[in-house]
Amino acid sequence: MLASQLMTPALELKKSLNQPITALALSEADAKALAALGADHAVFLQSAGKWVDGFAEAIFTQVSKAAASIVLIGGTLRGKTIAAYVAAKMNAGMTTDAMTLKVANGKLQATRVLYAGLAMCEEDVVLPAVATIRPRTFLAPPAAAIPGTVETVAVETDARVTLGAVSPNGDTGVDITTAGKLIAVGRGFRKKEDLKLAEDLAAVLKAELACSRGVAEDEHWLPIARYVGISGQTVKPDLYLAVGLSGQVQHMVGCRESKVIVAVNTDERAPIFEAADYGVVGDLYEVLPLLTAALRK
Amino acid sequence: MPKCLVCYKWTLDEQDIKIKPEDLSLDASRAKGKISDFDRNAIEEAALLVEKNGGAVDALTYGTATVKQSLKDALSRGPAKVYWIADASAESADAAVTANVLAAAIRKIGPYDLILCGEGSSDMFNQQTAARLAALLGIPCLTFLQKLSGEGAVVSATRKLEDGTEEVSVTGPVVVSVLSEINKPRIPTMKQVLGASKKPNEEIKIADLGLKPEDLVPKATRSTVKGFVMQRKNVMFKESSAADNVAKLKAGLASEGLI
Amino acid sequence: MNFELTEEQQLIGQSARDFGKQYIEPIAVELDHTGEYPKALVQALAKHDFMGLLLPDDVGGAAAGFVSYVEVIEDLSRYCAAVASIVNNHTIAAYVIQQWGTADQKKEYLPSLAKGELLGGVAIYEHGPTPGVGAEALVATKQDVGYVLNGKKAFVRNAGEAGVYVVFAITDPALGAKSLTAFLVKAAAIGVTVGEKLETMGLKGCPVADLTFENVVLAETALLGTVNGGAAIASQALAVASVAEAAQTVGIGQAAVEHAAAYAKQRVQFGKPVATLQAIQTLLAEVATDCHLARLGLRNAALLIEEGKPFEVEAAMVKSFLARLGSKMLIDTCQVEGGFGYSESMPLPRMFRDIAGTNLLDAPGDFPEKLIAASIA
């Protein structure tokens, strides 16, 4: 659960501000889990309403009640929507997708990405402040010595929005962010069947497959959960092997903290080579089978 | 047909921004302005709605003096009129200030049934404007849309989220933010570009918006902006024999302790 | 004085580049290989109002102005100069009709030319030593009602695809070129035959062929301008066309130098990108400079045309400058790209062949240097 990960920075900020942590959840189980991780007070917001975004006003009410100095919300698309709404109601500043957080000079200081990955900056937000944090920026903390209290509050959700059909992606169970080694495939592959070359290599390396935006969203060769990039997954494996992938900034921002980056591409001028520790200039159709065979020995 | 307003930001083209190698600071001196990429999708979506349902769409922008360079560009893409606010406050404005200004302007020139934004600006990508506007204007918001339609008073949309899609609809005024995949912005034809100068634009002065001084003070301020440069080994294997390259790569992987 | 394009002109240029990237770039290589007239692309050009750029809006044109026009031609040429050639030859034909046509002629041809439904072409050259001299010279013999055309025109661009040609013929062999007269001839007219398409070195996709006229009967209403007044029309048309062709040359050169620069930054030899070598820097600098200066010169000439001021000398200067340096731009950029760039799967070889073509094209009247010298001495 993303909110569990948020408990780690929350516990740090609690030390700086010496203020209690209130956790808000949309299920009783989640509320209990957060209390167990160190939230002083966990609140289960109970409503008949099903639309998650519809809880924004109720969340704001709880935030006001708790007189929170800092509000942390998971940086999913819904989370960011709710966070910005709450920030506006609080008349507060908000930092989106903070990578680090601390309190300095009475402000919330965060680092984040700008210009589609071209730059990084520090952002200072006066308190009270809102921050969203992307999944896997932090790891969940260990269980707290003493769990916090849990409360159930009945709330209303936004009745103005009618929720219609919900279609889940249906590719559950794929989490490339935990893989130690990833082979990322790009459009250098000519057809879906050719991905087998990457799968064979992945089997030998004990790696997972990842891909570029085009492979997932345009070609639909792999599920969206495998797509690495600015609006996809962010990964930090030990090995990121990019095959037939040009390496544009929007992709690289999702994998640039990998320990070792390797690239295979026919185009010597592809940007991926600037971002790689090791690069092979060659045809992936030739290189991959040779590499698979070499690693089997 | 809903009365539409599309909000856009005039940003620097990040492709023109260079990283100074001495101190990794950003050099934007040669950067040209552009309508933020996702806002172009918002403008296009509004234009498509008008083409389908009739009516007209207005555009609204808040920026520094350079925002005047955006007017013809915006008008060549479909809107019938553009409202603009050019003020020094935009230089340091954060999402809170931006929303305050836009909301005040909308209260002045509106009401609008449908307010469109891009999912985020191509420079800062705060992704806050749409939801903030909704909160300030007291209307619902539907964000991250891959599909949008407006039939009469009902706005229906498909949101694309990490775990799947959901269909939502609202009767009455609403703010939406659109994804880049919702449409492909048209290339303005020559006539559309030349016709832009015949369309009206109206300046709104910040002083006329009834804002308090603190509404224009940013809550979030940026410092230490540094270009991100990949520091990698850049070892290249370019032998004519793929087998040779593979052998060298294998050795490299072994030296890294990966195999 | 302002050296920058107006906002509008910049937006026009941006649209042209976006169009080029989306519609032209994907077919440029194929077009060069097959040389087949890109019909669908021309339709797309028409849809984006690129076929009526200089025509007034009351006939459905974009009324863009000549500076905007050369900006478009340069931008399209970055992606494929052959496509720009199609547009330019068509536009000059329409321009001539706009400048010298009667109200009826304008009404008959301009609206469909503006929409790109009708393609235009201009037939000036002949195989003989000068137009009007030699066995195949195109002669327009006066009849009771109208004229009869006999003879041949050479190197007619857009030949075979054009629906109407502006044709220059002499009315009196005794007077020769002094009796040059302009006519509007429909491609469908009886007696007009399009010869075999020429296999040109470059600019493939813009068709070039001879036109043969065998007893082609023209009504009085086909006369464009005045009898024996064709030389002035031809001269003006060529001068205007040459400024646009200079834009083609600059567009190709610009695309080439950008490609070569990107290549030089990536290509590592002796441990460093070749872009750090002085020899390479010199080559890139010279080409970039030549493009920049030529662009300023041609924009100046274009502005003079737009303002209705005398421009022939300025146009001649640009022509003369590029005649000397146009092909050099591609020789130099090919040098930068070395062995890699020599492959036909790279863009420079095509551009090399294309720029040889844009440089050959229409010069204003006499040799440019003659005109320039006459203006100062």
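Note that the chains take the letters A, B and C in the order they are written out, and that residue 1 is the start of every chain.
Just so it is clear, contacts are C-beta pairs under 8 Å (C-beta built on N, C-alpha and C of every residue); 3 or more make two chains touch, one makes a residue touch a chain.
Since we're looking at a predicted model, the values are computed, not measured.
J.: If you average the Cα atoms of each chain, whose average lands nearest the overall Cα average?
T.: It is chain B that sits nearest the middle.
J.: Could you compare the number of C-beta pairs in contact for B-C with that for A-B and name the larger?
T.: Taking the two pairs in turn, the one with more contacts turns out to be A-B.
J.: Please tell me the distance, in whole Å, between the geometric centres of chain A and chain C computed from their C-alpha atoms.
T.: About 54 Å separates the centre of chain A from that of chain C.
J.: With chain centres taken as the means of their Cα atoms, state the distance from chain B to chain C in Å.
T.: Averaging C-alpha atoms per chain gives centres 39 Å apart.
J.: What is the distance in Å between the mean C-alpha positions of chain A and chain B?
T.: Their C-alpha centroids are separated by 21 Å.
J.: Going through chain C residue by residue, note those that touch at least 2 other chains and give them in order.
T.: As it turns out, chain C has no residue touching two or more other chains.
J.: In chain B, which residues are in touch with two or more of the other chains?
T.: Each of 236 in chain B touches at least two other chains.
J.: Multi-chain contacts only, two chains or more: what residues does chain A have there?
T.: Where chain A meets two or more other chains at a single residue, that happens at 268.
J.: Spell out the residues on chain A that touch chain C in their complex, using ranges where they run on.
T.: 268-269
J.: Where on chain C does chain B make contact in their complex?
T.: These residues of chain C touch chain B: 7-8, 11-12, 15, 18-19, 22, 47-50, 53, 57, 62-64, 68, 72, 268.
J.: Touching chain C in the complex: which residues of chain B?
T.: Where chain B meets chain C, its residues are 69, 72-73, 76, 187-194, 196-197, 236.
J.: Under the stated contact criterion, what part of chain A meets chain B in this complex?
T.: Result: residues 51, 53, 56, 76-78, 80-89, 91-96, 113-126, 129, 158, 160-170, 181, 205, 217, 238-239, 252, 256, 259-262, 268, 273-283, 286-287, 290-291, 294-295 of chain A touch chain B.
J.: Give every residue of chain B touching chain A within the complex, in rising order.
T.: Contact set of chain B toward chain A: 14, 17, 19, 26, 94-96, 99, 122-136, 139-144, 156, 159, 161-172, 181, 218-228, 230, 232-238, 242-243, 245-247, 249-250, 252-253, 256, 258-259.
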